[in-house]
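After this come two complexes, each holding chain A, first together with chain B and then together with chain C.
Now for the complex of A and B:
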């Protein structure tokens, strides 16, 4: 009932203690197509589903390289993503110029989180309408972070954002304990399976609509990767070998729905013993 | 008696750089001595830097400006890579360097730049610049303290100036890699003999075009295995090697 009166001003709390503008910004992220991130002991990877407006159109870019050791996948307003990724690139380059070292990934994620927070507390400004999955490499190994327009950031073993990302999360939750010791190829296969869960009924992953971002030493199907494993984005034909590694989706048997027990019905349900 | 105080923002750090291009390669070299007046600041301060897999920049003059300029060029190349997902072509880097230098026309980088590498068409190239951005593509160029000793030698040996070819023959348009390397090394050992600001060490960058047969280079590398290092990662693109040699320390 109160939502409408408290939701147009960024600087006004609702009686429930919520900032509706920020929550609407999170909705924009949920509208973007899915992105999945996961990591092992040696690698961190991002997988994203690219959207296109139609058969004739190109597919929207979902991944950006920030520095040799940091890459991001986006979900939400692409224009906001460009601006924020540009800022991240400036920060990364400034760190190299001023301190002669690659920027620690958690510090970079904190800097955009702080930047995004400003837009949730200043009158007249709107929150950023994009969320990121950020993968980074430092002395302690690979890392994965989520950045959201609320200004929150958090580190994860595996995560997904965007449309129908809950289905991907379910797959990741089931399997994440095995990720740590996966090879790069196994990790990518897991990521593709997770991403596939977010697809609508008649769609499938293809070389056209899938992007893979990788941090870590070169895999079996890669050539010319540096020893530190600089961030690279794989698209088009390069993806095919990984798509082939997926387990084919099972053809769904027609579902037999068991009618739920009627409320207040004390009959004993006869089931399998 | 009036006291005049002044601050001079520039100083000369000595040293010499040299670049020579071939048909499908480019060699860019610089000594490693950094001096100020009669003092040696350090025996090892690199003046030659890899920008991309096909471009190498040598900077000479005022070392602080030289080092900072290289960092700024590298940053611009990084922005280009972000925007275009590929390395900047050599002639574009040359033009970029001109605009960056001229932008400080009224407080210049006191640096003589020589850019060497492989063009988009696979040919070896050398571009030389003055401190405010005037530039030109050439076959060879020496800059720095011993420029007046080395450049005339190059004019004679590379451009064959004041030389007449044997009857019935013409001078070659390009020299082979082993010949070019000998000329480079001899230039520096000779400059070291007669110029106090040149010596200590020599770094030679060799940039080879994509798909170029490496036999002649491998023969040179075999004689200098511990002194040679590869900077490129893949075998299917341009290759960059660095050779580090000693020069006399007096």
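Now for the complex of A and C:
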């Protein structure tokens, strides 16, 4: 009932103690197409579903390389994503210039989380309308983080964001215990299965609408990857071999599809996605 | 009229002629930044430290420096510590202006505190400290306002030894033996002879011996040195800076010199 009077200013709490502007920003993330991230002991990967406006249009880029050891997948407002990823690249470069070391991924994610938090507390500024899945490599191994416009960031074994991402999360929750020891190819297959869950009825994953980001040593189908496994984005023909490795839909046990949360629902909680 | 809505209802700026219709006389604006005018650029070092020596040895790095800060030719401050630990992996040795060294120390201490507050497993090692100092020193030199020091950065992290040099010009280099000031002329040949090729077998006692011998020669030959010194050791176990020790000098040769010894002319 009170939602409309308390939701136009960032700096006004609702009587329930919520910031509706920030929650609407989280809705913007949910409008973006799905992205899935997962990691094993040796690799961290991102998979994203690319959207296009029509037959004639190109597919929207969903992944960005931040540095050799960090990559991101986005969901939400692409323009906000470009600005934030540019900031991340600057931070990464500054760390290399000043300290001659790759920026620790957790610190980079904290820096954009702190940056996003400013926009949830200052009058006249709007929150960023984009969420990231960030994969990074440091001396303790591969890591996966989620960044959301509320200014929260968490580390995960596996995560998904964007439209119908709950279905992907269900798949990931069922299977994540086996991820740690997976090979790169097995990990990608898991990720593709998870991403497939987010598709609408008549759609399917193809080389045109899927992109895969990988951190870690080169896999069986890759050539020329550096020893430390720099971040690379695979698209188009390169991913065909991975799509072929998926189990066809009919053979799979029926998965529980959770209906997407209704828009304008007062049960939407801030801080989650 | 002023077409910008943001200026409506606000005090007019009559000095701004939006359409450039005529020359406007403006009152002279003599705002002086007195502080900025008083800022001077470093021209010469005042209170200075002399050589710093450092070598790689089997277990890590060893660095040595005496305890003197000279005021020109006066041996003014005789208990100064010119070796400084930075975090658990690095030691910094400074020669040159001691007030600039104190400034650098406070910058590095701030870095270490920032690092500590992150509370993650990532810590600044000697390579990062050296890169930071290189950027700092070169930037200051490019502003014609140098930090008048020659610095040695040594450390041990993740199983690797690190030893490098950076100075007031921003020059950097890395080797298994390095020395600053007079040490680079007098001690360096001694250090190289003893260490080069044997970095992985040189024991702690041997390393300490060669550093002490070099400091002794320097005390005999460098008129701005002192016979009180400290040695820092960086190994897997961290940074250890010793207490001040005394050099055992022998001036008995002076007996035979006319005017110095017992005999008169």
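The working rule: the second predicted complex is superposed on the first by the 250 of 273 C-alpha atoms of A that agree within 3 Å, B and C clash if a C-alpha of one lies under 4 Å from a C-alpha of the other, contacts with A are read in each partner's own complex, and residues count from 1 in each chain.
Here is the rule we use: a contact is a pair of C-beta atoms (placed from the backbone, for glycine too) under 8 Å apart; a residue touches a chain by one contact, two chains touch by 3 or more.
This one's a predicted model, so the numbers in the text were calculated from it and none came from an experiment.
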| item | value |
| --- | --- |
| Joint occupancy of chain A by chain B and chain C, clash or fit | fit |
| Partner chain in contact with A:65 - chain B first, chain C second, else both or neither | first |
| First, second, both or neither for A:140, with chain B first and chain C second | second |
| Partner chain in contact with A:17 - chain B first, chain C second, else both or neither | neither |
| First (chain B), second (chain C), both or neither touched by A:106 | second |
| Touching partner for A:248 - first (chain B), second (chain C), both, neither | neither |
| Which of chain B and chain C A:97 touches, first, second, both or neither | both |
| Contacts of A:224 with chain B and chain C, given as first, second, both or neither | first |
| Which superposed partner A:89 touches (first chain B, second chain C, both, neither) | first |
| Distance of closest approach, chain C and chain B, by C-alpha atoms in Å | 5 |
| Touching both chain C and chain B, counted on chain A across the two superposed complexes | 97 |
| Complex contacts: residues of chain A adjacent to chain B | 64-65, 89, 93, 97, 223-226 |
| Partner chain A, residues of chain B touching it in the complex | 71, 75, 78-79, 81-82, 233-237 |
| Of chain C, residues touching chain A in the complex | 118, 120-122, 124, 127-128, 130-132, 135, 158 |
| Residues on chain A engaged by chain C in the complex (per definition of touch) | 97-101, 104, 106-107, 138-140 |
